[in-house]
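Following this line, the structures themselves.
Okay, so subunit A shows up in both of these, paired with subunit B first and subunit C after.
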Partner chain A sequence: MANRADKRSFSTIRPISISQSLLSRDGSASFSFGKTKVLCSVNGPAEVKLRDEKLDKATIDVVVRPLVGTPGTKDKTHEYILRSAFESVIQSGLHPRTQIQIVSQVMMDDGSIIAAAINATTMALIDAGIPMKDIVAAVSCVINKEDQILLDPTAQEMENVKSIHTFAFDKSSSSLLFCESLGLFTDDQYFNCYELCNVAAGRIFEEIRGAITNKLQEYQGYQTEL
Partner chain B sequence: MGNENNNLKSTITFEAETFRRIQPEEYLRKFIQQQVRPDGRSFNHFRKTTVNLSCISTADGSSMVRIGNTTVVCGIKAEVSEPNVNLPNEGYLVPNVDLSPICSPRFKPGPPSEQAQVLSENLNKLLKISKVIDLKTLCIEEGKAVWVLFADIVCVNYDGNVFDACVIALISALMNVRLPKAFYEDGLVKATEEKSITLSIIRTPYSASFAMFDGQYLLVDPNEMEESITKDGTTVVVDETGQLCNIWKIGSSCSPEQLKTCISKARDRYADITSIIEKAKQAI
Partner chain C sequence: MEIDLEKPELKVVLPGDPINVTKKENIKLGPGLTQTQDSIICIKAGILNHTSVKNKWWVENNQRRYIPAEKESVIGTVTYKGGEFYRLDIGSAHQAILPILAFENANKKNRPNLNIGSLIYARISLANKDMEPELTCVNPESNKADGYGELKGGFVIKCSLRYCRRFFSGEIELISLLELLQKKKDFEMAIGMNGRIWITSTSIKDTIFCCNVIKGAENLNCSDINKVANSLGI
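Showing the complex of A and B:
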């Protein structure tokens, strides 16, 4: 089974590491899949520019910064993806006429960068205490030339493939929030990827839960020491 | 008259237009509950689509696409350039979408809006990963000169579902491209006057977009108003063999069954677009 370059099986995600409250912002978190790492900070609800003000809900502003250079169309697309995915889960109606700013900085890109950015944003929003209806987790997969589905591909595995898929699911109903599938694929392949990523998203939710529990336990330990 | 005045005392009534402006979502919901959309279409009805080929005589290939009131024009200009060092025998195809203030008051003059950039990026990914044309056929002399096709897509009127219009415009304009025969001689590229060479198009993908309202009503080919209210969009791109090329979904949650419905509707739509383009080809 294990004939991937890093000795993983086809349906294994890379080791996940999550850390929270790294920056002195309202909320921040970093999320990594192996060598892919995204740092995300959340500010808000804060004052909003008059031009962007919405009377009935908070304005969600997303900024994606690439590792090197200035943001291009790819980063704009990632901003659009993040905003549309999180607009549907953040309870923006609770904070009308304010702004919630999400800044996502790519630290290392070794494939599945959108998925890592979505997961990092979920963690940072939780860290900032922004009210949400649900939490989101995302996973990517590719179908290679031999029609094998590789979960959580590295940058190397994303080259010369038949199709690339990224799915984001919510936790409560594990239904699809965001999907981007590119390449050439059949219905069956698509829904196989869907199922595989849905299961993998469940594992990410467990990791998220673990990270939050750890953080709270540390905090409680600190409180009792005092 | 007297009766109406009595009614006014108990409930406030508005003109439909006023209601639409102050409560757009509720306005749309009232229609949807009656199984109809504000413009009179049923849920499964695509707007009238027309394609005009060769509408810009100065371009090497062009087309104009209208889906209802949404109008986009695509012009393809071929230029000669040096190839990328890593890919010495491949040309370039550069799509660019322009959403200028003329098409809708929501766009401001200046650098391209986020939506325009997202559209350009998605078209670029579609062309690249689904391999719509073989870039090797754009090579004039390996490592020296290749064709660069600049595909500029301008939205003239924005009334929703611009991505579908852009895809149809781009693919039909690519079919319409006629390049001159080019030779590479002593560091110079010479081209014949006559333009006769067509591009070898491997795949002709067309897209179908859907909006989801209240998580259960699937509206095909949403117009600008439906698009701005629902915010949940699904786009499915299929090719001539029925294979999927792209699925893009944003907004709130949706089930696999709903996705399957979108896919099958996209396949039905594909047949319609093919016949529209065949007609347009005959009309030149």
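Showing the complex of A and C:
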């Protein structure tokens, strides 16, 4: 099996790095897959504009900002994806007549940007203490011209491929929360991609747990030392 | 409050984690936990705490947004003055309501005189997710002000909610820091559970000094707090 440009095997994801509480908002986090990096901030539950107010639940407002320029059609699609993935896990009924604002800023786009944005949003929501019944992790993969499945593709690997797939899973049941596939592919290929991404999502959950544990230990250190 | 010391290691939980409770009868679930059909799941990331007194379980985290809860003391600023009530900003999603009659000895004729921008130390008398939080400046146990009311002069520092909770839980290091600070400067402070601490002293210089000490101790561990406290207690 030939290796990829960055010496990874086909079924490994790039190194993950997570940092939290970077901004002076209620919650913020940055998530990166190798060079791809997304910074996400969450504000809320906060006061909501009267016209957006929902009587029985919180209004979830998502803004995706590209690296340069103003948001375009692609960013609006990403906003829709993020909103649909997180509306099912955020317990918005616990904070009626409020707004939870999620702002996702692309810092560097080197492929798998939707997956990175979903993971960054999960971390920022956790940091803000927004009640959620589960957490979400997403991974992308591509099927190239040689019918090989490449997990977590870079921008270069995403060019000239047969199809691109992005899957988002929840933690407790590892069931599918969101999926987007572009291109031509067969049933078998689709389910192979699904399996591969499901395993990779498990690794991301481990990383998330590690990051949260580290941060909490840091805080607890103020109290338990001595 | 006694925390179960059988498991001294940290129990970090993430949203969606199922919680295994040992005793299933009469469980009291605190912040961060919820019940779904027949199991208890966590909805916030943090450290799982448990006390066998009344079989209480809760998750301790360090969020910045204040969620009002009944019986908590908070510091708010007046943003609106009406005929029947004041509106206060306490840092939560909705502004809180402070009825004009919720003061000691207040009646229709003898009403408190607060202006927009005044600082108030009050107690949350009603907290419900569907309604605006309601405040009172009277302690229901004694029907007296008991320190609640307008905070005149001084300075407010903003800090994490967790830091404020640590003062209320009576952490020995923080208490001893305050005791030593008191020996050096005369000061008065009010801690709001909404992440605001009000401090006043005899002069502006002393107020700034006290604010800096208390703000500076937020991100120190116990041994460093002791060091700071010792350097103060000359």
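As a working rule, the second predicted complex is superposed on the first by the 220 of 226 C-alpha atoms of A that agree within 3 Å, B and C clash if a C-alpha of one lies under 4 Å from a C-alpha of the other, contacts with A are read in each partner's own complex, and residues count from 1 in each chain.
Here is the rule we use: contacts are C-beta pairs under 8 Å (C-beta built on N, C-alpha and C of every residue); 3 or more make two chains touch, one makes a residue touch a chain.
Computed from a predicted model, the values in this text were never measured in an experiment.
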item	value
Touched partner set for A:F191, first subunit B, second subunit C, both or neither	first
Partner chain in contact with A:S181 - subunit B first, subunit C second, else both or neither	first
Partner chain(s) touched by A:I81 [first = subunit B, second = subunit C, both, neither]	first
Superposed model, subunit A: greater residue contact from subunit B or subunit C	C
Subunit B versus subunit C as contact partner of A:D170, first or second or both or neither	both
First, second, both or neither for A:A46, with subunit B first and subunit C second	second
Touched partner set for A:P96, first subunit B, second subunit C, both or neither	second
Contacts on subunit A seen with subunit B and repeated with subunit C across the two complexes	170
Residues of subunit B defined as touching subunit A within the complex	114-115, 117-118, 120-122, 124-126, 129-131, 231-232, 239, 243-256, 259-260, 263
Subunit A - residues contacting subunit B, complex	73-74, 76-77, 79-81, 84-85, 87-88, 163-164, 170, 173, 175-187, 190-191, 194
For the subunit A and subunit C complex, residues of the former touching the latter	25-27, 44-47, 89, 91, 94-98, 126-129, 131-135, 170-172, 208-209, 212-213, 216-217, 219-226
Touch list for subunit C against partner subunit A, complex	10, 12, 14-18, 32, 34, 36, 41, 43-47, 61-65, 67, 93-95, 129-130, 162, 166, 171, 219-223, 226
